[in-house]
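Same chain, two partners: subunit A is paired with subunit B first, then with subunit C.
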Partner chain A sequence: MATYQIRVARSGSDGATDSFTVELDHRMTVLDALFLIQREQDPTLSFRCSCRVGMCGTCAMRINWQPRLACQTRVLTLKADTIVVEPLAHLPVMKDLVVAMDPFFEQWKRVKPALHPDPKRDPKKLAVVPPTSEFGKQAQGKRDCITCGACYAACGIVGSNEEYLGPAAINKAMLRLMDPRDNAVDERLEELNDENGVWRCHTQFNCVAACPKGINLTDSIMKMKRSLLFPKKFHDKRNFVDNP
Partner chain B sequence: MTSAISLTIRKYSWKYAGNLAFWIQRLTGLGLVFYLILHVHTIHDLRDPAKFDAALATFSKPFFKLGEIFLLATVILHAMNGIRLTMVDMGVGLTKQRQVFWYFTIGLGAALLIAGALPMFIYGILRHQP
Partner chain C sequence: MPPLLPLVELEADILILGAGGAGLLAALHATTINPRTKILIAVKGLLGQSGCTRMVQGGYNCVLNPNDSFEKHFEDTIKGGQFVNNQDLAWALVNDSPDRILELENKCGCLFDRNPDGTIHQKPFAGQSFDRTVHKGDLTGIEIMANLRDWTLEQENITVLQETRGLDLLTDTNGKVVGALLLNNRKGEFVSVKAKATLVATGGGATMYQISSPSLEKAGDGMGMAFRVGAEFIDMEMMQFHPTGLLVGKSIATGGLLEEGLRGAGARLFNKDGERYMERYSPDKMERATRDVVSRSSYMEIMAGRGTPSGGVLIDATHMGEKFLLDNFRGMVDRCREYGFDLLHSRVEVSPSAHYHMGGIRIDLNCKSNIDGLFAAGEDSGGVHGGNRLGGNGVADSIVFGARAGDAMAEYIRTAKAPGDVSTQARQLMEKWLAPLNREGGENPFKLRDQLERVMWRKAGVVRNGKDMAEAIPEIIEIREKIEQANGAGAPIYNAPWNEMINTVNLGVCAELLTRSAILREESRGAHYRQDFPEKNVKWLKNITVKPVNGDLKWDTVPVKFTRLKPPELIEQEKSLVH
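What follows is the complex of A and B.
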């Protein structure tokens, strides 16, 4: 057990932070610390969480100025006895550490994240996407996004331009574009080929550093930039699938 | 208590190398634009031979040589980072972007700076004859 000082940003007119001193075991996470504060010191402290195993993305917040999942951040790994906890940046704060995800999902919706299958395909016939196919290879390590918004909060471009699609939406668009079953190719490419689409990315790699699932989002953005530059190559690649 | 400064340094040192590179590129770019304007303005004023000689004598002073070394460092940083960015755009070294930044941009850049700045320092500053 060790003593930690947790500085939590509180919403309200003064925008002040509250300091709490808590005794934590090294194996405990920041989310455990927040629960401890809520139960024993200040029941009005608000934060969001759900699965507690890093698969829902609900508890994303800024911990020591980096967007992280509170449930996946053990206090020991922070190598600091003062832990500053703030709500995610670039998103409107509802209360304390709770943010409204609307701006993030507004951009997410722009890329048509759902599958738009080819109407000519037999809907009863299951598509087979082998891991060795182009899509199978591309999707590996890119489909783990839990829409926590950490990349959106870390992105410096989102901070200066809220019209920018953001890394998560572009990654989703890339996954759908590489999917041989999908048919909304041109609509998505049009959305990406915009001054606030992929071209706005300045390759700061903040999204890669922040992503709790280790997705190389900048790689997805760069792939999309190249596919817009070389559309024939992109379509050839897309159509080259050993898919029935 | 861990100080805010040490936490901030930790934040920008390794994990956020791309962000650091972005700001280096912006600031060196702005610096070079400012220098270019100053440079063209100075050259423009030197149409008189006597004035030109006087200006060259001023520019060979150790203070200006130090400035030249600083200029070389800015150019190297901007150029090496530019090459790194081109590589990123082509998809080269995307998964190793931190290594590319620290070893290629900063490491190789520092080696180039030493190679270029050493003669300037020895002949322009140490052995400078007024």
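What follows is the complex of A and C.
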């Protein structure tokens, strides 16, 4: 067991933080610290958490100035006695560490995140998607997004331009665009080509550094830039699979 | 003067409480039948990101391969459930399951893992005669829920209230359910919804145990609400313990699972003396025995003093090799690593973890409860899995029966009358739930919840006996009384103690029904194991049902109808009668 100071940003009065002392063992996480504080020291503390094992993506927050999942951040690994916990940047604070995800999902909705099934395909047959095909390759590492908002909070462009799509929404658009089952190609490409679309990205890789699932978001954004510049290549890649 | 929170009054054709696989499939199907159906969904956490479908690891069972068959999947399900499943419900599960996978992929955009030739991959799971589990790596639920969420976001007929929980169902003078009173934690306001049909799909109550796997907000809310309006329950004694919950000391991560596929692929279990103890309990199937058998074996090892110092056993996957584990169980390797364990190179401490409630609201094939206007699907309902659920049948249940509920509600609302005024009733219920928010002093809800979890773990858990359970009843009743007097004071938004109070009220209902039901079943079957009745008894090929009547509990036992498959012991009996 070791003793940690947890400095938690509180809403209510501007810029206020509360400091708590908690005892944690070497396996315990920042999320554990927050639960201990809420249960034993200050029940008015608010934060989000559903799964507590890295699947729901609801406990993203700034931990020592980095956007991270609280449940996946062991305090030991931070190598600090004092841990500063703040709400994610670029999203309005609702209470303490709880932010409104609306700006993130407003951008997400712009790219038509749902599948728009191609009516020409037989809905009774599963698509053949070899893992070596373009969609198979992209889907492999890039469909793990848990919409935690860490990339959105880390992106410097989002910080200066709230109209920008942001990394997660572009990654989602890429996945649907490469999906041979989908039919909303032109609408999505138009959104991506918008002045607040992919061209805003300055390739700073902050999103990649922040993603708790290790998704190479910048790669997805670059792919989409190339698709807009070389539409024939994009369509060739896309039409790799049939529905036999 | 106590704070008086606002009451927002809304109306919908269909009200869905819970937005896991069951809730969203119900919305999908009702919308498909009539895109103008006005649907309101209340979800306790974030849409698509809370609840247990999201947490599904292993996958989804369905028959897709020509060498597999509905009969085989059905037989596995019934044998796994130890022949007390409702066979018509289980047959529906098996039959609908492949169509729903087509729908999840081709309509909703899920992409499950593929073979090298591009066809869908199906992996082995414990208790199954064929490799039929469709999956996305070892974190399947994210793929399902993210895509269902994206579909929901684009529907104009669907309104979603996030971070909003059901408190109580609203009824008319005939006792028919006509909507619900909700608490919007984001805004700190009550919401009353008038609806022609209401679905409870909020998830089960495994979180009533000290070590449990579900997402933290789950609290048997749907069952609690349904109980308060007189719903009938079935198989409440049947609680599944997953054999491999991580032990992470005092961390909230304790109880989080290492998925079943690890054992399916050959992972081994050892006690602290290095014995592969499954040899003693299930020499044929070893670690691939069904969850009830493996959990009970581990528990007995631990109780016999052969557990680790922190009260667990050890899972060993090292012989499968780094490459195989990283290719197939990346999520599990990462999950262990997050807490400082190395699944690739060493044994990892695990314990049985309360996982899934087979029991629940009694439903028919259309997910209708005994109460007019009230539908239930997913873990809120009971009967599909009997005494034990197979891994991979849980998410299939939510998806299949969610869809059935959606179809049935779409049909039901075509002729259902619009409900009358509910505001008087809503205001009365509101006052009841406001009391803890305005209370000075009173019980600590977190402590009462802990107390409930400890009682249930020690006295009505993996291994049970009549004496312990009889002792547990007054303790549960005391907790249920005290929680009504708990202190939930604070701000009306995101108020943790207030919500914990409401959670514990509902879990208390589930806990009492579970324990009383378990006392009645004087035999051992599936997940229900009695030290004082360690054998299966042919006389108990029955289901226990219960419903509240005039403040009392009305219990019944109903013989199982073997509409498709007879248990071998009955066939034996009949043979001996003939000769």
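As a working rule, the second predicted complex is superposed on the first by the 241 of 244 C-alpha atoms of A that agree within 3 Å, B and C clash if a C-alpha of one lies under 4 Å from a C-alpha of the other, contacts with A are read in each partner's own complex, and residues count from 1 in each chain.
Here is the rule we go by: a contact is a pair of C-beta atoms (placed from the backbone, for glycine too) under 8 Å apart; a residue touches a chain by one contact, two chains touch by 3 or more.
Quantities reported herein were computed from a predicted structural model and do not represent experimental measurements.
A.B. asks: One more residue to check, A:H26. First (subunit B), second (subunit C), both or neither?
C.D. replies: The second partner, subunit C, only.
A.B. asks: Quick check on the superposed pair: does A:P43 touch subunit B, subunit C, both, or neither? Answer first, second, both or neither.
C.D. replies: Touch partner of A:P43: subunit C, not subunit B.
A.B. asks: Of the partners subunit B and subunit C, which touch A:N216 in the superposed model: first, second, both, neither?
C.D. replies: After superposition on chain A, A:N216 lies in contact with subunit B alone.
A.B. asks: Between subunit B and subunit C, which makes contact with more of the residues in subunit A?
C.D. replies: Of subunit B and subunit C, the partner in contact with more residues of subunit A is C.
A.B. asks: Who does A:Q204 touch here: subunit B (first), subunit C (second), both, or neither?
C.D. replies: first
A.B. asks: So in the superposed three-chain picture, is A:T82 touching just subunit B, just subunit C, both, or none of them (first/second/both/neither)?
C.D. replies: first
A.B. asks: After the superposition on A, what does A:G54 contact: first (subunit B), second (subunit C), both or neither?
C.D. replies: After superposition on chain A, A:G54 lies in contact with subunit C alone.
A.B. asks: Between subunit B and subunit C, whom does A:N64 touch in the aligned arrangement: first, second, both, or neither?
C.D. replies: After superposition on chain A, A:N64 lies in contact with subunit B alone.
A.B. asks: Touching A:C145 in the superposition: subunit B (first), subunit C (second), both, neither?
C.D. replies: second
A.B. asks: Per the contact definition in the header, classify A:Q5: touching subunit B only (first), subunit C only (second), both, or neither.
C.D. replies: first
A.B. asks: Spell out the part of subunit A that touches subunit B in their complex, as residue ranges.
C.D. replies: Spelled out, the residues of subunit A in touch with subunit B are 5, 64-66, 79-82, 156, 202-206, 208-209, 216, 218-219, 222-223, 225-226.
A.B. asks: Which residues of subunit B touch subunit A in the complex?
C.D. replies: For subunit B paired with subunit A, touching residues are 1-2, 7-8, 10-11, 15-19, 21-22, 85, 88-89, 91, 94-95, 97.
A.B. asks: In the complex of these two chains, what residues of subunit A are touching subunit C?
C.D. replies: Going through subunit A, the ones touching subunit C are 25-29, 31-32, 35, 38-39, 43-46, 48-58, 71-72, 74, 76, 94-96, 98, 101, 105, 108-109, 112-115, 117, 121, 123-133, 136, 139, 143-147, 172, 176, 179, 181-182, 241.
A.B. asks: Within their complex, state which residues of subunit C touch subunit A.
C.D. replies: 45-46, 48-51, 54-55, 64, 101-102, 105-109, 111, 114, 116-120, 136, 139, 141-143, 146-147, 150-151, 153-154, 186, 215-217, 248-253, 256, 334-335, 338-340, 446, 490-491, 493-497
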